[in-house]
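In what follows, a single structure is set out as structure tokens and then discussed.
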């Protein structure tokens, strides 16, 4: 009964199948395998971006850090939400890959950048001449770290501000599929149509073993990215296994199907949580993740029965008053069964 | 007929099988999967090193760069052979991971450090006080980049010099298995018994999809390594798939069996090459790789029939005098069939 | 009539005199001059710290960045006030020198860290395990960037929190003398007595041409600092000219005398400003710097007559309603004459 | 009797005088002083380069590292002679400032790059595609670290090779004046006329206290350099004191006059050394520095009488056979008196 993260789940059978099929004979290494050109075509088609530069890496942090670094000078600062993976969960990888660049925090409800807060952060950064760090790219997360979504208009609003100041924009799409499925929009609509310049397109959390695509809609810095990826030790020799995962993931829009499934699972979970006495769900879950405040007694019942998910703070104690609300995060991937979800709810309800 | 590299071959069926088996249900991410403790035990047992810190990454460059960085200050220089992967083939990853540290080149025949050359490099580095870069770790490659081997005595000689100056030692074992099989020694004998402090233990080139173990015989910097790995974006969320590969690779000493097979394949290839008229093989191949000088006509016949391997220089032309010798590299993995080897020889012989 | 900054003023005659006296014959370079041992002794005596490691650099940014880097791993974050030189005015030098470490911002009135805000920043940093950046040193500025002061108790409160979490503390003393003179305390009381581990002791803004001392009360990392300073290109060959400045600055407590003079000049200025109709001075000036809101007409009169000081925003226009208040910063050094101050006030009053 | 280095000598009186004159009233900081525009003009006139970007820093290492970094990607390697300041005497500052770039060593007699060795280094660097570090700028030292000179033709030969591969060229001119005076050429002839793109123009070793000009003949990256300088903590607040030094140094071609004097002093010294019995001077001294092999007894006599200069190795013992030759370096600045030189010779001759 593991609701800790969508990265705790297995590969989708089609993805494993693709790895198995790829495991025959010899393939040239380092991205020169025969599968990768098909992957490139599929990404370009999916994003309606025939010129896009497309690369594969194995972790979301690598995708984010390498993409951002490509457009960040060491004396720049990147603009990210206070609650974002690049700020909180990458142990400074973006700073490292951008040779010591900085992250300037932007606020906003539901882990989404408030346009005014972004504008303030940008203008405040720019008022020190040579003495201050300079303005670098803006990065947003979709779906966000708390399971909410930017609407297409909200994305366009953010990128318009960035563009006004000549800044590049990046979308951390570790949960791209969940967002796209929930919004019912195309990949193009959620990205370059809305002004996004580069994307980390996640596969790992949504049915793959470990693969993310980095997509630059303008390929001008493609070669530089390749050098950065190699220097960062993220160019795989047996690259075919990354290619195979991504091909399976894109074929027949499996990514979208799995994203939608995960969202549906989460919706079922949320519906159940709402029936737990005392439960409070402040941010409306829009993708595959829910943050809820539940009574300690509910957590105790679930966890003693083996349920896995995160409490906040991480070391919150199950000892104490039964009624006290403790914040928790629960995540569903495509693979969750209705039975498992219902069993969790039953435990929580007691 | 691909003899370009041992990273062009497939996974061993047992390794794929392990991935398949690992693909059920939920596992905690980031190295907290249930397979990893078994991997740790297997590595420790294989190396007879019950205290060793053991970590998995997905590329050999990551293993080298992260291991070395853990013992290299940014103002240090690492000592490496002029013909080594860290110097020639990692786009500066060790420099990057060690925050701008330098590599000092050491010479020696057969891509092996000459002890006098190492000693000279170390003492020359140390004579400038605060003005010069400082002495960092010594790294050797076993099997070397040209397919030769350090004897155990030669390793001990190198590490003794390092130790004399208080320097740590690292063994780049991208082809650890081939070396160990060829020397007929244990993993412990080739490493800590001979004075080695840390090892990149390669799986990728020898039957895995992409996994390397980093092993520190002294675990004092284990936590620092974990931070460096995360910051470098090399901590896998779905880590179970790295664990599964490595477990299969170590179980029943599959690694050693595959290394021996690759070596035997190469021996067959070398034997054949010696029958090609005009062939010259300067460095005696001791593992799974051969560098040979062959007449252009031989290369032309092989390549026109689809054989793949590297010429030096990379852009050497197949047009020109038939007799002229052109240097080439051919590598065998465990998966090469006798038929394939013999077919290549037949082509080369014409 | 330049009130733009205390770095716009000249050297004190004694400092120039010392440079002139030092300009005879030959002196060994790189800190091995015959003056430096005396400087070291003077610093140790001034700070009552006989074991302290003492080094000279030429800019305040170098002092801060090098000192902090010595105790900051690349995966750490330093804790600094939102309004601090390291955050706002060093173009990311601390991040650069600490190989990509980060700065976490702490809030508090008057550009002084609020203890609760610091504690929150520290605990929030520590709750992500390997995924988040780790806790690095705490740095405070005394006098602050807005001309206020930490009391000795307030410093002790901050360092106590740092110590609780095992963190080192740094004091950016670009205006150390002004603070010490204003508080009427000793250098020791304002630093190690109050729990400070390292100090940037400024000379440049207070009568020197360009010299700052970096002081570590615990000399354990002295050699590492020397390497960092050299690698940062901040080890002067003709170091005697740094030594000479600092010796003159410390002799007879010239530093303290000049700090007191600058403060007195500022007090006179503030008194005058309070008589400007409409003036508003929110933060009480405690050292040698005042931030005031003055009517546009007052600024217009002063600036058209040649007065120099900064408006906020930097590009604030002198055209517009006369009564509108515009924020400004005025700084006094030791060299300001009463006449100059009074002339400015007269202009502002109209 | 200090012949250890030209950085052991004093400022020229005119330079001190300029500092004294600059020490009146208020000047805007950070390069906005009223002297700097005149300095810029003087440099441009001296180099016949009306478009050149001109900046001042205080150390030669800063000049080299910042200039090179401006044209070096972190994945590049700079080409430098094995015996050069950037390689041997800057504790890795160029690597640090270029965010981990590498230095590839070039050989050649007299510490001058052999064109064939340079070409080989460049082509060897370029043959690995994404796997190897990429080609960065070529830097030469004039006068060299062993006191020899490139002829104008030799410089042109080196820069022509660089240009062939699209690489930028840098001249480390810590002893620019000595070289220019010895060659009897103009500053333009020795630099951009001969294909040089950027220059570290040294003042410190030749009569200044601590100032070097960085000159880019193409100003396209001027702003980037300013950011790098600030971030490196090398932008001086009281910049007027750098400006004043450089103005005095350039006025009336003082730099050239002092360079010529230093050379003449060295010529006198060399002439004397040739009369020391057993003396051997392998590289012909062409500027202000001589490397000689002298009998131990001669060294002993000189050093026991207080002479200061460097032996190689640094810890060479004065105990031992009288006749044994020990290598030494002696450097003359403009300030050496004939009496001092003759006294040293007298001691050495015994």
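By written order: A, B, C and D. Residues from 1 in each chain.
Assume contacts are C-beta pairs under 8 Å (C-beta built on N, C-alpha and C of every residue); 3 or more make two chains touch, one makes a residue touch a chain.
The shown structure was predicted, so the numbers you read here are calculated from the model rather than taken from an experiment.
Asker: Using the contact definition given at the top, which chains are in touch with both subunit C and subunit D?
Answerer: Per touch definition, common to subunit C and subunit D: A, B.
Asker: Would you identify the chain whose Cα-based centre sits farthest away from the centre of subunit C?
Answerer: Greatest centre separation from subunit C goes to chain B.
Asker: From the mean C-alpha coordinate of subunit A to that of subunit D, what's the distance rounded to whole Å?
Answerer: That pair's centroid distance is 51 Å.
Asker: As a quick test, compute the distance in whole Å between the mean CA positions of subunit A and subunit C.
Answerer: 42
Asker: When the C-alpha atoms of subunit A and subunit B are each averaged to a single point, how far apart are the two points in Å?
Answerer: 34
Asker: Residues of subunit B that touch two or more other chains: which are they?
Answerer: 74-75, 90-92, 96, 99-100, 130-131, 134, 227, 230-231, 235
Asker: Which bits of subunit A are touching subunit C when the two form their complex?
Answerer: Going through subunit A, the ones touching subunit C are 74-75, 77, 88-92, 95-96, 98-103, 105, 127-128, 130-134, 313-314.
Asker: Applying the document's contact rule, which stretches of subunit A touch subunit D when the two form their complex?
Answerer: Answer in residue numbers: 30, 73-75, 99-100, 130-131, 134, 224, 226-228, 230-231, 235.
Asker: Considering only the defined contacts, which subunit B positions touch subunit A in the complex?
Answerer: 2, 4-5, 7-11, 16, 19-20, 23-29, 57-62, 65-66, 90-93, 96-97, 204-205, 209-210, 227, 230-238, 241, 308
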